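Shared chain: subunit A. Partners: subunit B in the first complex, subunit C in the second.
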Partner chain A sequence: MTALLAVDNLEVALDTAHGPARAVRGVSFSLERGDTLGIVGESGCGKSMTALAIMGLLPEAARARGTVSLEGRDLVTLDEDALCGIRGNRIAMIFQEPMTSLNPVHPIGRQIAEPMRLHRGMSRAAALAETVRLLDRVGLPNPESRVGNYPHQLSGGQRQRVMIAMALSCTPDILIADEPTTALDVTIQEQILDLIHDLVDELGMALILISHDLGVIAQTVDRLLVMYGGAIIEQGSTQAVFDRLAHPYSQGLFAAVPKLGQGATRRLATIPGTVPDVSQMPPGCAFAERCPRVLGICREKMPEMTVLRPDHAAACFALGQTGADRR
Partner chain B sequence: MNAPSETVVAAEALHKRYVLPRESLFQPPAEVFALNGVDLEIRRGRSFGVVGESGCGKSTLARVIMGLERPSSGSVRILGQSVYDLGAEDLRGLRRHFQMVFQDPYGSLDPRHKVGRIVAEPLDALEKIEPDVRRDRIVGALESVGLKAGDTDKYPHEFSGGQRQRIAIARALITRPAIIIADEPVSALDVSVQAQVLNLLQDLQAELGVTYMLISHDLAVVDYVCDDVAVMYLGQIVEQAPVSQVFSTPRHPYTKALLAAVPRPVASRRRRRSQLQGGVISQMALAVGCPFADRCPEAQPRCQSESPALRSIAENHRVSCHFA
Partner chain C sequence: MSAANGFWSRARRHRSFVAGGALTSLLIATALLSLIWTPYGPTKMSLRYRLKLPSPEHWLGTDQYGRDILSIIMAGAQNSISVGVVSVSIGLVIGVGMGLLAAARRGWIEEVTMRASDFAFAFPAILLAIMLVAAIGPGSVNAIIAIGVFNIPIFARLTRGAAAAVWTREFVLAARAAGKGLTRISVEHVLPNITAVIVVQGTVQFAIAILAEAALSYLGLGAQPPAPSWGRMLSEAQTMIYINPMLAVYPGIAIAISVLGLNLLGDGLRDLIDPRLARQR
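Let's look at the complex of A and B:
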């Protein structure tokens, strides 16, 4: 059986002022219905580029190679017309900024109805009725009167609910949420994550959740990828990865997050240096310059993914030296 | 616990209303009630955190304390001097004691000025000093935040976000202030860089004895840096106490909900449901009763009609809830 979504050796090259940059390097994963996958990493790690490549929404200066196959059909080589039939229909996306990703001059009802009119050929009246149902489902109060509202009349959390309603309008097989709660307050973030979680369970979609926040990832998805410098450096079930962070970068990232209730009893561990420039990626491991366990070989070639347990793998030459649990 | 020490900042009964543009000839213009009676006192050496969600007035509070926006009523005293009763010249002199670090390390540094000039700006505004002394002060400030003397001749665009925030901190430090007011100083930074800046704030406190007032939406950051914390909701402080006390035994329902909502980096496919429904109510009207009553899981009829006072429930622990 072919997987719902299979990403194989995805590469994204960007033309920058400093020459070509490899924004995504050899990313592979697959997804079935009902799966929830998290992608975690800092800015510039390639997590958003991966999502945009799957959606066929890469910026003009970017080119994708490798395969992204949706039930056996390769999306990378598909032309724009065919992609339009898939985008918003089979794969839908929620963006980070609910302020800028809604069109300010159209009422929200029309924006939610648009994909249904386009992909499902629904009449105006049927689409409106479905819009009201969706707005009600995502928890917007008084949906009948709200369909005529413009985005500026809604709060940030409400706009994100509208984005979710829009993404769900064609009951997609895959929902990609790129930092869906980063612009929101914690109590609203919690409501939105609850909602996404319920909808994924209810509709049997597959979810790709992209976040820089380890807490959001830990509590929302079953499986995760940690990305650094455009490549996956650690992956596995959320349980296995958080039980025992294997890659020095994952460990550093975890240790650098201040944890509630610890106060200043323990000094925060830091990762020295900064994220490398994607246009000047070293030939070896991208993390080598900042890594506390760097070996000679790390600067020469990229480490392969090493399987640690059936549901946990990491790409590092120095894995043997770890042994340290995170607590 | 420190011995009773000097009060650096004292704010009393601060109110701030913003008048919105008039929408009708026949109705008075609408107002936003940003601060509704805030009292606080920050003592030397005890860093003070302010947490709350967007729109709770925490940034307005910082701007009012900094003397950047005149409050509608109430007073702010820095080292005993009333900020809003001073003339411009005297206020400028007082400013050496309180400096600010802003959220956005990209927007808060002038891109056309070299780092040396940016860092020296507060000093230049205060006094005329010998070029050698000025140079030493700049280098000293840069070195204290982990930058190099050679960085004075570079422009902000040559630095990463974390380094820019260090420049902003150096600029705040150069007048050797008693207090630095930092509004979301790390929220624009990546996690690994955020940790470097937080550690720097701690080191500077240990070395120079500077006190912080830290505004943040991130409770863990406040937990890490501050000694005391005030939780704000709709322009009021709803709970205030030492950090360890608030985060271990929160008494106000809003504080409890806020703490419960923070996602923790521990694997557990989320099963707990959020306790709070709805969002923050409008700030365009002054609430009758408790401002949190609409969302409060423990609300009683009394909460709708009677607004709770901020009262002491234990030493150094104040809560505004009828039932705490």
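Let's look at the complex of A and C:
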């Protein structure tokens, strides 16, 4: 049986002023209906590029290689017209900034109804009725009167609900949420994550949730990829990864999360250094320069993915000394 | 709509918008009135009444053929407006279309469109219009086409720039993620967001078109006799300048009022529609 979505050895090359850069390096994973996958990493680690490559929406200066197959059909080589039939219909996406992801000049009802009219050939009246139902489902009060509202009349949380309604309008098989809660207040974050989680369960979709926030990931997804420098450095079930962070980067990322009750006396842990420039990636492990447990071999070649447990793997030469007692 | 109310309440307090609107309304009203009534026929000659000074019968006097000046001025407004409307429409439709296409498709289409615009910009607009009219022959229609053609690169470049900025906005990415094609996004998402700049430029080009038509007619390349035209009135008055200089002043004032009104209106619109644009120019 072919997987719903199989990403195999995905590479994204960017043309930069300093020459070509590998923004995504050999990313592979697969997804079935009902699966929830989280992609974690800091800014510039390639997580958004991976999502855009799946959607076929990479910026002009970027090229994708490898395969992204949706039920056996390769999306990387598909032409724009065919991709338009898939985007919003089979794979939908929610973006980080609800404040700017809606067109300011059109009422929200029209923006939600458009994909349904486009992909499902619904009449104006049917699409409107469905829009009201969707807005009600995503928890926007008074949906009948809200359909005529313009984006500026809604709050950030409400706009993100509208974005979710828009993404779900054609009941896609896969929902990609790129930092869906980053721009929202903490209280609203909770609600939006719960909503996404419930809807994914209800509609049996697969979810790819991209975030730099480990808390968001932990409560929403079953499986996890940690990315650094364009490559996956640790993956596994959320439970297994959180129980036993294997890669020094994952450990650093986890330690950098502020915790309640720690008191103001302790400085927040940070990972020293910065993410290497994607156009000047070292030949070895991308994390070597910042790694507390760096070995000689780390700078020479890329570590292979090592299976630690059936549902947990990491790419690191120094796995022997994992931080089981990190807490 | 609260947004529309806000627009009109701000508009009423905006001096150049009000002044420009009033002058432009005067121009339009004159043209409309001349369709149904002018004091005398604008082409009716009367050799007995040649070169009369203003009088109760002829408010602005008569020209060297005894035609009533006020009537010609009024009918000339029609000519100016139709030149403005048609030539701006030509430039708008083709130029905006080209600009949207260039911004959506990028690559060589954008290069070709923009370099072609640069090429057109390298010539002074009026010279370009004169060249075109010389090539296709004088006449009102040809003058309109020539002026329309030089409007194309102006709208193409303006649209491409504004559209390219909209293309980088996140809602366009969201629209693409919803499966919309380039054409659909251009029409549904990009165009409505750049209407303001296009409308403002449209009023400015309207004024320029009136000036250009007057210039072409003055040179004998535009409206042909006896069709009433402000530009031709100027050239006919030129020979009478020592006999009755006022003959040149009336059409001059008509042109000045129209152009001033449209420019003030454009300035006002620019401030009112998008305050950020005022600073960019």
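In the analysis below, the second predicted complex is superposed on the first by the 320 of 327 C-alpha atoms of A that agree within 3 Å, B and C clash if a C-alpha of one lies under 4 Å from a C-alpha of the other, contacts with A are read in each partner's own complex, and residues count from 1 in each chain.
Note that in this section contacts are C-beta pairs under 8 Å (C-beta built on N, C-alpha and C of every residue); 3 or more make two chains touch, one makes a residue touch a chain.
This structure is a prediction, so every number in the text was calculated from the model and none was measured.
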Three-chain arrangement built on subunit A, subunit B and subunit C clash or fit: fit
Of subunit C and subunit B, partner touching more subunit A residues: B
Touched partner set for A:189, first subunit B, second subunit C, both or neither: first
Touching partner for A:103 - first (subunit B), second (subunit C), both, neither: second
Which superposed partner A:87 touches (first subunit B, second subunit C, both, neither): second
First, second, both or neither for A:298, with subunit B first and subunit C second: neither
Subunit A as apex of subunit B and subunit C, Cα-centre angle in degrees (nearest 10): 80
First, second, both or neither for A:163, with subunit B first and subunit C second: second
First (subunit B), second (subunit C), both or neither touched by A:316: neither
Closest Cα approach, subunit C to subunit B, once both complexes are overlaid on chain A (Å): 6
Subunit A to subunit B touching residues, read off their complex: 42-43, 155-158, 185-191, 193-194, 197, 212-222, 238-239, 241-243, 252-264, 267-271, 274-275
Residues of subunit A touching subunit C in the complex: 55, 57, 60, 80-81, 84-89, 92-93, 95, 97, 100-106, 114-115, 118-119, 163, 166-167
For the subunit C and subunit A complex, residues of the former touching the latter: 106, 169-171, 173-182, 184, 188-189, 192-193
Contact footprint of subunit A on subunit B as seen in their complex: 53-54, 160, 162, 190-196, 198-199, 202, 217-221, 223-225, 243-244, 247-248, 257-259, 261-270, 273-274, 276-277, 279-280
